[in-house]
Amino acid sequence: MSIFVDEKNKVLVQGATGHQGVFHIGEMLNFGTKVVAGVTPGKGGQDVHGVPVFDSVREAVDETGADTSLVLVPARFAKDAVFEALDAGVKTVVVITENIPFHDAMEFVHYAKYKGALLIGPNCPGIASPGKTKIGILPGNIFKVGNVGVASRSGTLTYEIVNSLSEKGIGQSTCVGLGGDPIIGTTFIEALDAFEKDKDTKAVVLVGEIGGTAEEDAAEYIKEYISKPVFAFIAGRTAPPGKRMGHAGAIIARGKGTAESKIKAFEKADVKLARFPTDIADLIEKYV
Amino acid sequence: MSIFVDEKNKVLVQGATGHQGVFHIGEMLNFGTKVVAGVTPGKGGQDVHGVPVFDSVREAVDETGADTSLVLVPARFAKDAVFEALDAGVKTVVVITENIPFHDAMEFVHYAKYKGALLIGPNCPGIASPGKTKIGILPGNIFKVGNVGVASRSGTLTYEIVNSLSEKGIGQSTCVGLGGDPIIGTTFIEALDAFEKDKDTKAVVLVGEIGGTAEEDAAEYIKEYISKPVFAFIAGRTAPPGKRMGHAGAIIARGKGTAESKIKAFEKADVKLARFPTDIADLIEKYV
Amino acid sequence: MKLFEYRGKELFKKYGIMVPNGRLVESEKDFFDLGFPLVLKAQVPVGGRGKAGGIKKADNLKDAKVKLGQIMGMNLRGYKVRKVLAEKMIDIKKELYLSVSLDRSKRMPLIMASAEGGMDIESVSDEKIFKEWVNPLIGLQSFNIRYIISKLGLGKEEGKEVSEVLTQIYKLFREYDCELVEINPLVFTSDGNVVALDSKIIINDDALFRHPDIIPEHVELTPLEKDAKEKGISFIQLDGNIGVIANGAGLTMATLDALTHFKGKGGVFLDLGGTDDPEKVKQAFELMKKAKPKVIFLNLFGGITKCDTVAKGVKAVISKEGIDCPVITRIKGMNEDKAKEILKDAGLVTATTLQDAAQRSSDLAGGGK
Amino acid sequence: MKLFEYRGKELFKKYGIMVPNGRLVESEKDFFDLGFPLVLKAQVPVGGRGKAGGIKKADNLKDAKVKLGQIMGMNLRGYKVRKVLAEKMIDIKKELYLSVSLDRSKRMPLIMASAEGGMDIESVSDEKIFKEWVNPLIGLQSFNIRYIISKLGLGKEEGKEVSEVLTQIYKLFREYDCELVEINPLVFTSDGNVVALDSKIIINDDALFRHPDIIPEHVELTPLEKDAKEKGISFIQLDGNIGVIANGAGLTMATLDALTHFKGKGGVFLDLGGTDDPEKVKQAFELMKKAKPKVIFLNLFGGITKCDTVAKGVKAVISKEGIDCPVITRIKGMNEDKAKEILKDAGLVTATTLQDAAQRSSDLAGGGK
């Protein structure tokens, strides 16, 4: 098993004919993802690596039965694209696009909830269930099938950690990039809840960073509801307050979101913390 | 059992201190309904028949644990009242108020869906599960505990039919007034679905009327999903097109919503139709 | 409330949608600068004006005078024409249909569009009408517009202009609490403009309180209708001769159905709604008397409106003024027995069932004979 | 983007919120009609101006001149004061706190209000701050406003005025894509007005594209920062002497953490993000050279950004211009082996682990000694 996505997801790509779209459709097909449609307004009738392109999500869904969308469109069109996917009945939306105004994200995150859809991102690398599917831009070669679930607010850092797991022979059930923005659709809590229920997940790795209170919220949740061992790394222990460390989300603003607060919360919830990202693999070897 | 509401519902009344509010809080208490709070902005601290009144739904919910709201406020304040109840976490909202602009109803019906709440009405008499609870303005003395479920778009006509059932010794599991407006929160389909699942409901009565396609939609649903016997009465067989027969919803407009179309649809779904409202009881005696 | 065409076009102008150059005309002098040929259009709140002779072309001033005389005052489907709109004729290149209405099942605004403009939309085949629903929680989005536009076979510039019209009529639909905003046809003129040739706007009556700029057209009310309106009594006037007093819309309709079943014909219908005030019942009954029906049928289910309250109101009128037509009463529900006593005192007999009462009323009114 | 106080107040005025009579002043003549006493306020994008001497009262023209001279040009928490706002002193009857910000956990706008205005909100005890969340799908509703107002202990007329201010700042928050709109204090004057005495507005950088009227204040960039900005390279300047090139925000932060662990101090950070363009890498490396760090630490996980792409860019710079500081590289991921070959060619040794690399960099930079 896996969480959120598996080999059954039929994926359409919004922003299919751009540079990124073409490249990642190819990468996903290589990974084994069922990419069934692309959508680019005005480009209906073309194809990308043999995948048919449609003018609208509604037509793509009608014609191909796609139930999942990968959103790669530029930031200023992202809200419209997500709304379009949700209105067309898509049940899983993965938003890669970065620099989306957070007021837009706020709207589409709540609209996804209204629609009963799973929204991952924005500003995330996507999600991969090794051996089954990869929906996003994560490098396909770092994964290994296994029993560790990974949920992360960071991109490259996730690759780093997943890669070090795989190198040590520790495979993954699902790796989900939650996104580095202040407003994201799926948080640690939803991921933890899903991993807890997933029979093939034996341990969970959380990759957090400064900014917001997602880690503190997760720690509370772990205390109450999570029985599986949880490991964590938090980036930004030494980041100075007020500096945006690349992500709009990763900022210690108005006294909130410090690494100390997150570390303390995790410790209280009996989450094992790694000092260096690559230590996670050692910790898991030791405890699981 | 019953559908939608039972003796556990803890009811607050929005518009508690008005003439209608005071009267119906009394009637509901007499029926056995758990009325735990009233809400009227600016009247916090008062009480109605011993029920405490609060300034806001949020405070009423915090203090009393109310999970259900009966909305009796004037039409122009209804949207705000429903939003307030939903935001305060109320899970069942019964809107009695008539003459609510349908654009307002459209908004709060979808917001209720987002909140995962049950919204009944607007422009409805409410809902009663005999022996358990009554949330609304239905006369309390017409009911009898039993196994027939009633769902209706009309007020007085429902009383008429329920009364004739009770007089013949046919009791009811739940009677729900869905409302006479073009936009309502709960339709025949949701009621049918709930009655189908309710072990104590053996037969269902639908009271329809001209206007819209709610009956046609219900007929389609019955064919697919409903195994219990369904009986129906449709008001307005001889109403002239274009005339509003009292309800904003009861109008044959632009060729849609005729009684013939509804009767035909019900016949196809094997629903037994009564010619006079009081015939329903005879039909049930005959078939159940 | 249905707006007259010219009022709808005023709203279109407010929302930046082009309409033909025109104005209401009453006499010769009103034509002075419009130019010819003109179209004269009767302003009545019903469709099918063209076929009924309510729309005429005028080629010159003399012609316009004659045609105006023909249209003004004519009777169109029960409405006397009191206003005529004169508009400069427009050179039509292409006609579209465009509307926003309410989808009751989905509880959402529904956009409909077709390249087959100018026709009655009910006669256009389904696959030529393109539909798009707008979720009211998020409003009209670019993708909604893109979808509709992509189906109409328009050029890029044309598409842009129709997008703008669509955006504006959706805005109008929401801001003015409309049941319907329809442009049929929306035309492309040969000089490249997009013009709304007709307007059909219906505003939700329940929302008129927040649109003080929408003033109801002067529609003549009968003295009785006026009276009922002032007293806040729901009043429906049909063709028949049986006066019905009932409570609640559903019961009123069921009563009409029952009468019709026995070949009776409902005339004036008074719906008491949820009142429990004997004075209001008295007023309603007086009103009914004034309507001079052949039979009065009082059909009541007492709940909030208690039966004895109604009986008291009826008795008050009869004992004071008497009554010159038969009154059939059928009363059920709250305080039914008390009510029957009171009515008996007033010399009225109550029927036992709806069927019985309806049949008796119909027979007395001469139905089915 | 943090707006300067006077810019925030311009927006307040646009939304109908009263602010004190005032203007930016540069010299004596700018005071001519404001009247005294005045308040002179340094315009810098940081808080705590009062305590740091950036806000001064002036009783007359002479006094104002002196104080203006003191404030203009002073250094406030790293910002040189270049603009001073002069405002007529206001007679304060009551002070409130009012803000709209973003609740990240609930993903909703959060209204906060307190009758304890004028204080740093973080120092007001929790039970004195009233909170109300606004769902973005429906926007601010009357009940939200009623709740907040009911808690502030205001008179009826005062409540109405604060309601209006709240409505307007919520509108501003949404329409201008704000992260924060804060009025602290919002004051009632003795002549019955409600006036925003300060403004704190932060606009979401990602949304600036749709607010062309918001022009970034002139904040001095160092030549390097300017260069990085022009080249679209994410550039962070910290206190230390180790130059770091990494890809991705999380990895950048983790690198800083690792350096600090080994008592090293990060200086310039360049985040390559998701580029796979050797030219861009070259530009970044050139930029880094110009920053003259004591050590350069290249920490990379290759995915979309392939390792060999980066190695090529680095090599291109070194073989052309040479390098005058040690370069520690640590490279993992896509095409790692190719990259190591290339770097070896360029005379650079690659470390095996992040820890090893961080420690070596820190030691070379003189950290921990």
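Per-chain residue numbering starts at 1, and chain names A, B, C and D are given in the order in which the chains are listed.
Convention: contacts are C-beta pairs under 8 Å (C-beta built on N, C-alpha and C of every residue); 3 or more make two chains touch, one makes a residue touch a chain.
Quantities reported herein were computed from a predicted structural model and do not represent experimental measurements.
Student: Leave out chain C only, then trace which of the remaining chains are still linked through touching and list those groups.
Tutor: Components, chain C removed in thought: just one piece.
Student: Can you name the chains that touch chain A as well as chain D?
Tutor: B, C
Student: In terms of CA centroid distance, which chain is the most far removed from chain D?
Tutor: The most distant chain relative to chain D turns out to be C.
Student: Is the number of contacting C-beta pairs greater for B-C or for A-B?
Tutor: Ranking B-C and A-B by C-beta contacts puts B-C first.
Student: Determine the centre-to-centre distance between chain C and chain D, using the mean Cα coordinates as centres, and give it in whole Å.
Tutor: 58
Student: Return the distance between the CA-based centres of chain B and chain C, expressed in whole Å.
Tutor: About 27 Å separates the centre of chain B from that of chain C.
Student: Between chain A and chain B, what distance separates the C-alpha centroids? Give it in angstrom.
Tutor: The computed centroid separation for chain A versus chain B comes out at 43 Å.
Student: Using mean CA coordinates as chain centres, what's the chain B-chain D distance in Å?
Tutor: About 53 Å, centre to centre.
Student: Residues touching two or more other chains, restricted to chain C: which are they?
Tutor: 135, 137-138
Student: Provide the list of chain B residues touching at least two other chains, using ranges where the numbers run on.
Tutor: Within chain B, residues 107, 110-111, 114 contact more than one other chain.
Student: If each chain is a dot and touching chains are joined, what shape do you get: line, ring, star, complete or other?
Tutor: Chain contacts: complete, every pair touches.
Student: Can you list the chain D residues touching chain B in their complex?
Tutor: Contact set of chain D toward chain B: 133, 135, 137-138, 141-143, 146-147, 150.
Student: Show which residues of chain C lie in contact with chain B when the two form their complex.
Tutor: For this pair, the touching residues of chain C are 102, 104-105, 107-109, 122, 135-137, 174, 177, 179, 204-207, 209-210, 234, 236, 238, 246-254, 256-258, 260-261, 271, 273-274, 301-304, 332-334, 353-355.
Student: For chain A, which residues count as touching chain B in their complex?
Tutor: 110, 113-114
Student: Spell out the residues on chain B that touch chain C in their complex, using ranges where they run on.
Tutor: 75-76, 99-107, 109-111, 114, 137-139, 141-142, 152-160, 163, 180, 182-183, 207, 209-210, 212-214, 217, 233, 235-240, 243, 245-250, 254-255, 275-278
Student: Residues of chain C touching chain D in their complex?
Tutor: 137-138
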